[in-house]
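Just below is one structure, and these are the notes that go with it.
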Amino acid sequence: MSIKEKGYTHWDGELESRRFPWSPIMRSGIRLTFKKKFFKLFFFLNLIPAVVYLAGIYISERLEDFEFMIREASMPFKVNPAYFNSFLSGDYLLFMIVMILVFAGAGLIADDLKHNSLQLYFSRPLKKRDYFMGKTSIVFFFLLIVTLVPGLVLFLMKLIFAGNFKFIQDYPWLPLSIIGYSVLLTAFFACYALFLSALSRNSRYVAVMTFGMYLFSDILYAIFNGIFRKPAFALMSIKANLQQIGAAFFGVKLPYDVPWMYSFVLLVLFCGVAVIFLSRRVRGVEVVR
Amino acid sequence: MAQPENTSSMGFVSSVKNVFSFYFLLGRKARRTKVFYFISLIPLMIAAFAKFAELVLQTHHLEGIYIFSNIIVAFYLQFLVLILALFFGTSICSEELEGKTLTYLTTRPVPKAALLLGKYAAYTLLIILMMAAGVILSFLILNADGLTDPSRWRILFRYLGVLTLGLVCYTAFFTFIGTFLKRSILFGLIFSFGWENVIQYFPGSTQRFVIAHYIKSLLPSPTTGRFSFLLFQLEPTPPGRAVVVLLVLTAVFLALACLVFSKKEYILED
Amino acid sequence: MSAVISVEKLSKWYGNVLGLSDVTLDIEAGITGILGPNGAGKSTFLKLITGQIKSNIGTVRLQGETVWNNPSLFARIGFCPEQDAFFEELSGKCFLLHMLKLSGFSGEECERRAVRALETVDLTGAGGRVIRSYSRGMRQRIKIAQSIAHDPDVLIMDEPLNGLDPLGRRKIIRLIKEFKSEGRTVIVSSHVLPEIEAMTNQIVLIHQGKIFAQGDIHYIRDLIESHPHMISIKCSRPRLLAARFIEEKDVIDVRFHEDGEMIVETNDRDSFFGRLPSLLLKNDIDIHEISSPDDNLQAVFDYLIGS
Amino acid sequence: MSIEVNNIKFSYGRIQALDGVDLSLPGGAVGLLGPNGAGKSTLIRILLGFLVPDEGDGDIFGFDIRTRQTDIRRLIGYMPEDDCLIPGMDAVSFTSYLGELSGMPRQEAMKRAHEVLYYVGLEESRYRLLQTYSSGMKQRLKLAQALVHDPQLLFLDEPTSGLDPQGRKEILELILDISSKKNIQILISSHILSDIELTCSYVVILDKGRIASRGEIDALRRMDYSLYELRIKGGKETFLQDLNGFGYQIEEMEDGLIRIYVPSDRTPRDILETAVGRDVQIRHFVRSRSSLEDLFAKVVGAD
């Protein structure tokens, strides 16, 4: 007969090296965010544009059913790449994305700084890179659900409603555009949110900054444009830059008269700066020199 | 509002003054204040850039006073005043709870109302200074060629007054919100960029339910410039009455804030 | 002498968690130790008597006045909170200066007192550094400085010795003892009996939100005396000694551990210890160690709850 | 030697926290002793790789502390000094989360989290939100998360701070249990001497960023007189006067402890006889466990 040993017992398992050491951070981060009051309700509000656009696709395919409402000649929209572009870089969707960041992104690093929990992470076999990947993936999860997923669903629905493959023959590259643009948008916003979240231990401050900087950059553009009437100032606005790239991805006429590459380079630069800042700011202990 | 109590060893006013001087210092030392200072000075850089472009690059003619009153002021009014008031107003109570420093204040011979009012005064002054520095300097730069014109100065002072009133009133409102709401920032954002932004364009007396309505009523009647859309559908309240309403609102919000702050017990937890 | 603090039927709960239950108590001048394990309600009690939270039932009177929303009282009260929280951007001295100012002192007086308080807690050299850069012990001491700088009549300290090293601890104990002179009142909470014993005889025992005992420490000691007690003895001929013990009727149990340690359980410690030295001498036993493994509060609590 | 460091220096701006520390630590439990601000926490943070030393090098289990941090951290558990938690979580998800981060498979981490929470005595409150934990519970939780992945080396930074005597005793018993039977090495930093005495066999005393003394506790204690600690009940005055008459040096501590220095040519029998003569009860009689405190006071220059 064997008797269970009293007191501390060793664990007989093997530690594994995960391919993605950060996956637990993502999983628990998402769970914690959904636990927040009102977050679920708020999150579903973000799917409203998707529903509206879906209705639009349906109507465009079943025009005859709606003839009593719209005369064909005055059909207000056509489902083409521009339609998808206006979904993915619409003002409302971008605004709601920022609000998601205020809700779910502000505390990502700020709360860890405030509760001294960075040392818990970094006393584990985690590299800084893994920590950031974990936190980034939380933002990715939420943002892709409101951009990429509805984007692809809309595309599929278009095919289903149409009942033929003409659409995909016309625009075979469209799914790639949807994926590319959604990922780019999300990657930028992830850098943006983490950068601001690491600025302070105070998540209220971060929340104000997240919202403020987005709006501020847009207002700045409006002011400059007001004075100088030069579209190049659109490069100052986060929103304008994103819309510019969106238009380029979907092969639509650019909303601002500036090469879209500039916007692209700017956003990539911002992400680079954010990453450098983050890797300096986030460490096991706060050192006051 | 709590009465100045005779039992106090110092008197209400001097308590407020002490609290004020403490937070005025603390507010200046905080790093985030510097960030906000920087942001509020950005219009100044815009102004300087515009002037530079006019003088050196000779690109266009600068309509100094027009740009000042329609662009710079619009920026402050639509954006900065709200952000500053929102952050600093909700900070007044929340930061003491989050930092668990409330204890140091409530175990001093200072009435709670004096704490709140002193801190409100300190933070409001701090953000008024931020705003004023940016506004005045951009005014000077943009109007360097017309500083002898007294009508321009009148415009400057009018705008300064309006912006100050706006800060005073909004900060009081957010102070009140901060005394009882935990997620005050989220609520504040929705209020100031949702409710305020939408309702003020409603026709009739509905628009009188927002603070922005009274502030805009104080602005000079809209010029038909490029930015007049910001003010469209305004059915202004007479300026005199608007000022009174703003001041009354401020007093009411502060009184409510003092009331809540004095009566509510705050339990400090993680 | 009238009570400095008198508390009647005080009860406090947070939501549905009980903080303090039906506490009636008078505290007089001198040092009073509030003693109890973690989470017993000590902090709740101190927060109630300093008016930081409202009681659900009952009243608190400090020098005859109610405490809740009565700020004028705090000119005479010093409070050292438990939480490790500060205005981190300020220097230690600046913090003291402004706290003094809030207490209503003039400029020079603030300066003088701040310097003196820094000196009292040995932080003169570090007064100019920001609190953010302080070590744990320094933070604790600046917190204490803050509570004594305005020379209060009543000093209330929540776990002031936490996080201090032995030397720091000794200094603070000395400081508290000095403070008591001139008829002032000090209320100190702690979960360590010897710490409190080093400062005062007057203690209040709190456990599970209730006052279990209050009064002179000897009373508590007697409580400890009056319940069965374990004594550990290490000596040269333990079995001989054990045989002698068993003859006595106050000895309930004798056990041996592997390393020659003998555990004796008695229900009358006075007579047991009274006998012990002569017993050792008579039998020519070399004594190595006498100790009481459960000579602590928990034993009293267990006993009190058990009965 | 599990830990070896040479000439470690580190400064926070003008404040030199560590000024040339050499260490090579044997197995078992090692105590790191020193007053507040001596550099204990800084040393541990350097060993964990949170801070990079300005000078010096070292290795843990043969892994360089500058370059092989990830390998080192797989083998160590760390219990930090300050409060740290993730709000919104309960103890089980917190502990298993950190276990997963160490590389435990998810289901295993969950199982093990329950186990260690039982072990540290949090079984009843393991589903409660961490924000509502008392300081004693937070302390236990920190120990639990340090143990969850069954490390080979434990760093405990002030493990008993803020605990009541009962809680302290229980934590120390856990530490003793882990170190004595389970072949896990432990480095404990503390300013509480008796914690170190109870749990460690080897001690390093730090002061002002330097190593003031180190060695086996027993060896450090050797002295040319014996020191006894007593607690008595009865007429203290006359008892002490009598002992003074024997030429014993006597010291009374603030907390009522009496320390008697007995020269090596005398036995403590005199003390017993005096006690009988003066009708004094000896409640506590311990042969000089705390000469460590003397040593401590000597090397760090007590008041």
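Labels A, B, C and D are assigned to the chains in the order they are written; within every chain, residues are numbered from 1.
We adopt the following convention: contacts are C-beta pairs under 8 Å (C-beta built on N, C-alpha and C of every residue); 3 or more make two chains touch, one makes a residue touch a chain.
No experiment lies behind these values; they were computed from the predicted model shown.
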{"item": "Farthest chain (mean CA position) relative to chain A", "value": "C"}
{"item": "Between the pairs B-C and C-D, the one where more C-beta pairs touch", "value": "C-D"}
{"item": "Approximate Å spacing (C-alpha centroids) for the pair chain B, chain C", "value": "48"}
{"item": "Inter-centroid spacing, chain D versus chain C (mean Cα positions, whole Å)", "value": "22"}
{"item": "Whole-Å gap separating chain A and chain C, where each centre is the average of the chain's CA atoms", "value": "54"}
{"item": "Sequence positions of chain A contacting 2 or more other chains", "value": "115, 288"}
{"item": "Per-residue overlap in chain D, given as positions that touch at least 2 other chains", "value": "12, 82-83, 85, 87, 132"}
{"item": "Where chain C touches two or more other chains, by residue", "value": "133"}
{"item": "Partner chain A, residues of chain D touching it in the complex", "value": "12-13, 45, 48-51, 70-71, 73-74, 76-78, 80, 82-89, 93, 97-98, 100-106, 108, 112, 115, 119, 145, 147, 149-150, 174, 177-178, 181-182, 184"}
{"item": "Residues of chain C touching chain D in the complex", "value": "17, 36-39, 84, 133, 135-138, 159, 162-168, 170-171, 173-174, 191-195, 197-198, 269-270, 273-274, 276-278, 280-281, 286-292, 295-298"}
{"item": "List of chain D residues in touch with chain C within their complex", "value": "12, 15, 34-37, 81-83, 132, 134-137, 158, 161-167, 191-193, 233, 253-257, 267-269, 272-273, 275-276, 279, 281-287, 293, 296-297, 300, 302-303"}
{"item": "Interface residues, chain C side, partner chain B - complex", "value": "14, 50-54, 69-75, 77-79, 81, 83, 85-87, 89-90, 94, 98-99, 101-104, 146"}
{"item": "Interfacial residue positions of chain A with respect to chain D in the complex", "value": "7-11, 13, 15-18, 21, 24-25, 28, 32, 35-36, 111-112, 115-117, 119-127, 283-285, 287-289"}
